[in-house]
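Each of the next two complexes has chain A plus one more chain, namely chain B in the first and chain C in the second.
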Partner chain A sequence: MNNLLLVRAVAFNAFAENVRNRFFTLFAVFAFTAVYASVLAGVMAVDQEARVLADFGLALIELTALAYSIFGASSALLKEAETKTIYLVFSRPVPRWAYLAGKLSGTLLTAGLMLLIMGAMHLSLLAMRGFGLPPFYAWALAGTFLKLSIIVSFAFFVSLFSTSAVSTLVISSIMWTLGHFASEARYMVERLPGIKGIAFSALLWLIPNLQLFNARDAAGAAAALGPAALFSAAAWVAASFLGALWLLSRKEF
Partner chain B sequence: MPGAPSTGSVLRGLGLPLLAWAAAGFASRAYTSPFPPPSEIRVPAAGATGDMLALALGARRLFADLWFIRLMQYYGTREFQESAAEPGHEGHVHSVDEHGHAHCDHGKNYGTGDYPLFLPMARHVLEVDPAFTAAGLYAAASLAFNMQRGEEAQELINYALKYNPREWKYLTMLAAIGYSKARNPVAVAEAIAPILKDPDCPVMLKQLAAFLNKKAGNYAAAAAIYADIAATSRDEAYVKNARRELVKLANMRALAPAPGGVK
Partner chain C sequence: MTAPAVSFSGVEKTYKRPRLLGAEYHTAVKELSFEIQAGEVTGLLGLNGAGKTTIMKLITGLLFPTAGKVRVFGHSPSEVAAKARVGFLPELPYFPPQVKPAAALEYYGRLSGLSGAELSLAIESSMRKTGLEPHAGKRISEFSKGMLQRLGLAQALLHKPDLLVLDEPVSGLDPLAIHDIRALLAGLNSEGRAIFLSSHSISEVEKLASRVLIMVRGALAVTVSRAQWEAAPGGLEKIFVEAVK
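Moving on to the complex of A and B:
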């Protein structure tokens, strides 16, 4: 119970820090401007305006939340180590897992808040143009959140062995694109002969298939996220979290 | 200061993350992509970057939208008359009879032309997002009914059906294309009638249905479709044309439904 309270305290602290960051406002303003600018593309699509507005908005929301979340995750632990704040935390009876879980939860809470704010802005824009709620909207946002959870936890893992926040950011972004390419990569790997095929096939196990959560791109009932997606997301987050915990436990603070 | 960790402790420490990683990888393998494989994506000139981003960012719908806008711009600008003697008649050529009188028949020559890139561009929209039914219908109808390229329209619909086999609108469109090739406009109008009620129905198809009904003398059905276009379309050109046609039809005082009229 005490440990859970500790996780909550660290999470709220990380959340408050993230929200107070001036970059948060900057990202929110950028997202609003970009989503608003998508009205132009919608008008060009004439009778498909609703679809275009929904697609542009959801894509921009996801990319903005991704950028801020990876930025936050890459720098969270490094900044605390540089400012020595982490020594203060670990001089108290705070288990490392609780600290890490709190930091991760705080970053995910921020990502969730960003999605909610930008989603509300987007929906009001759609309403202003005379369109209702797209049928797959909630699933699309849920899928985006799952993708963000996976990549944010991966960024925490990478930040514990990378040399700078920038390298964490780059590695996480590469993982993001690889994750979306996973299906295409698997298609190509299945056609590779011999040892090359086996080697690349093994490598594919290390990449999360983000298309599994990409409800934004699916249509109709296909947009619903099934148990496989939820289990997969939980397993990826757990894997990255446990990997990060293992690295953190080997560090001397 | 702690000593160097033993291999056993390293393996124990890494065991759980690796187990979770394997479980995650296993769960991911259950996913089968509903999209065409990369080998099927035939990229038109200057489209490779967009396609790469579409796949890398998981934004197929977004890039299919962009390709669709490009397709409409391509179809809407080239071979389009800049000016006309009468305002509102820019989109088509007026026919001239043997007495030298010009005749306007809205819809008759609308959208005709060569547009050699139309099929590859339309197919590309569906390669990126095969679930974009409105784009498939729009492109197939343009090919079959405006450009008289029924074979290409069928090729496009057959490709769309490969990834969307349960889409009844494509099957209906195939039937309509068949009637069109058999030069049976009334049957075409009847075949596409169910699609007109669908929110995904392209306004161009509604316009075609109204035109065919008008030609067949089914004025009530034509008026109903024009009224629907005027009320629901966001395309000003179609809305203006629909209003104009409604006035014409009202003036003809022939709004009583003809036998076999299509709604």
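Moving on to the complex of A and C:
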């Protein structure tokens, strides 16, 4: 049996379940309201309306997609265990890595769709106000997707040892926040003397540098997301996946 | 010589519950040894907490034994070779309420390695056998408990398993649904499939099984064959009550 077909089956099922879930619609409606409400901030910005609308919209898109994705990732495995659906999966010849890869892919597919929907809403608002496609727009969405990939994978890992979906949500949100201060943290740690400096430098390796994915910060560069960003995302997703797999392979249901 | 469908040899399962200081241990089954032969219908009786569900989960690879050895058709329950030959119906199975039964079965069929025409045939056959065909157009949210149980059985039958492991298959069903499921299980057994079912209903087990295992506080108290309970005054019920008292 081709295990990749199993991954695909689990991924499509997870994607379909996520999209059918009322939270998907609720988040999309919230995003629509929030993105269109940002027109007020744009009007107040007077001659900077295009920039404010673009920045504000992209930030809202990222925060809404983040909230949706962490919410989904935190409960994905827990819900299957609570409803005993997982019994019907793991009593079949489904390797645990294939199930995990499928669930993760399904959650990321949904996050990607959510990003596309919100991006379309945002671009329609910009067009309505007479503005064109901002430079680096696609890169900005791609950067947000890579950040989501890291945090969603991390949330899957955390959900396998945390006691509830809420604690997974909180821990993953803290990681996301810390990840946006990685450069500042590095700057401070570099100034710490002796053993403290070494210890904190080691701890920094446990926090992803999410600033790498802020495409708009890199405006003017040849490509907004360089190889370092892509490599970092791949490494974090792979590390979280392997950690989650290690926990899942020992888990009993 | 062919391997038995299920073989337990000195199996123990202890659950560990982490506490603030240390951990709490609870032994669910201990020193458990038995075999189920291919094509045999075996019942599992016991009071709540006797270890029935633990045994079913050990067979399906959802739990790992703390000690001893579990074999399914000669393989470890975690191996693909074992899982491919087992169909499992857990107690009160859940299916997404928004979809139709064929869609739910399609997913589980794919997980069993089926695809294309083979998958379509398997879905059709499972729905026909479990009497779900007339309800094919309904969403699962419209299903009664009996229909959900039929759907649970249908997903267990998709890949034509040689062993069916059924946890409380008639729990909470009305008499007509019980009658239909009993007939279905008898039919599956006549096709040569081994059936291992747990139940609180002694009369149901008595009607279907050729042999019954009675569990008391995690240990196998008695193994009774049909000939033995048919010859005993008071039948299986009396043997069960005496064993658990």
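Throughout what follows, the second predicted complex is superposed on the first by the 245 of 253 C-alpha atoms of A that agree within 3 Å, B and C clash if a C-alpha of one lies under 4 Å from a C-alpha of the other, contacts with A are read in each partner's own complex, and residues count from 1 in each chain.
Everything that follows uses one rule, which is that a residue touches a chain if its C-beta (ideal position, glycine included) is under 8 Å from a C-beta of that chain, and two chains touch if they have at least 3 such contacts.
These numbers come from a predicted model, not from an experiment.
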Partner touching more residues of chain A, whether chain B or chain C: B
First (chain B), second (chain C), both or neither touched by A:197: neither
Which of chain B and chain C A:59 touches, first, second, both or neither: first
Which of chain B and chain C A:46 touches, first, second, both or neither: first
Contacts of A:112 with chain B and chain C, given as first, second, both or neither: neither
Contacts of A:252 with chain B and chain C, given as first, second, both or neither: both
Overlap of the chain B and chain C footprints on chain A, listed as residue numbers: 252
Chain A residues touching chain B - in the complex, by the definition given at the top: 41, 44-49, 51-52, 55-56, 59, 63, 147, 177, 180-184, 187-188, 204-206, 208-212, 214, 216-220, 222, 228, 231-232, 235-236, 238-240, 242-243, 246, 249-250, 252
In the complex, chain B residues that touch chain A: 1-2, 5, 13-14, 16-18, 20-25, 27-31, 33-35, 37-39, 55-62, 65-66, 68-69, 72-73, 129, 131, 134-135, 202-203, 233-235
Chain C to chain A touching residues, read off their complex: 57, 60-64, 80, 83-84, 86, 88, 90, 92-94, 96, 98, 107-108, 110-113, 115, 155, 159, 165
Residues of chain A that touch chain C when the two form their complex: 1, 5-6, 9-10, 13, 17, 20, 83-85, 87-95, 252-253
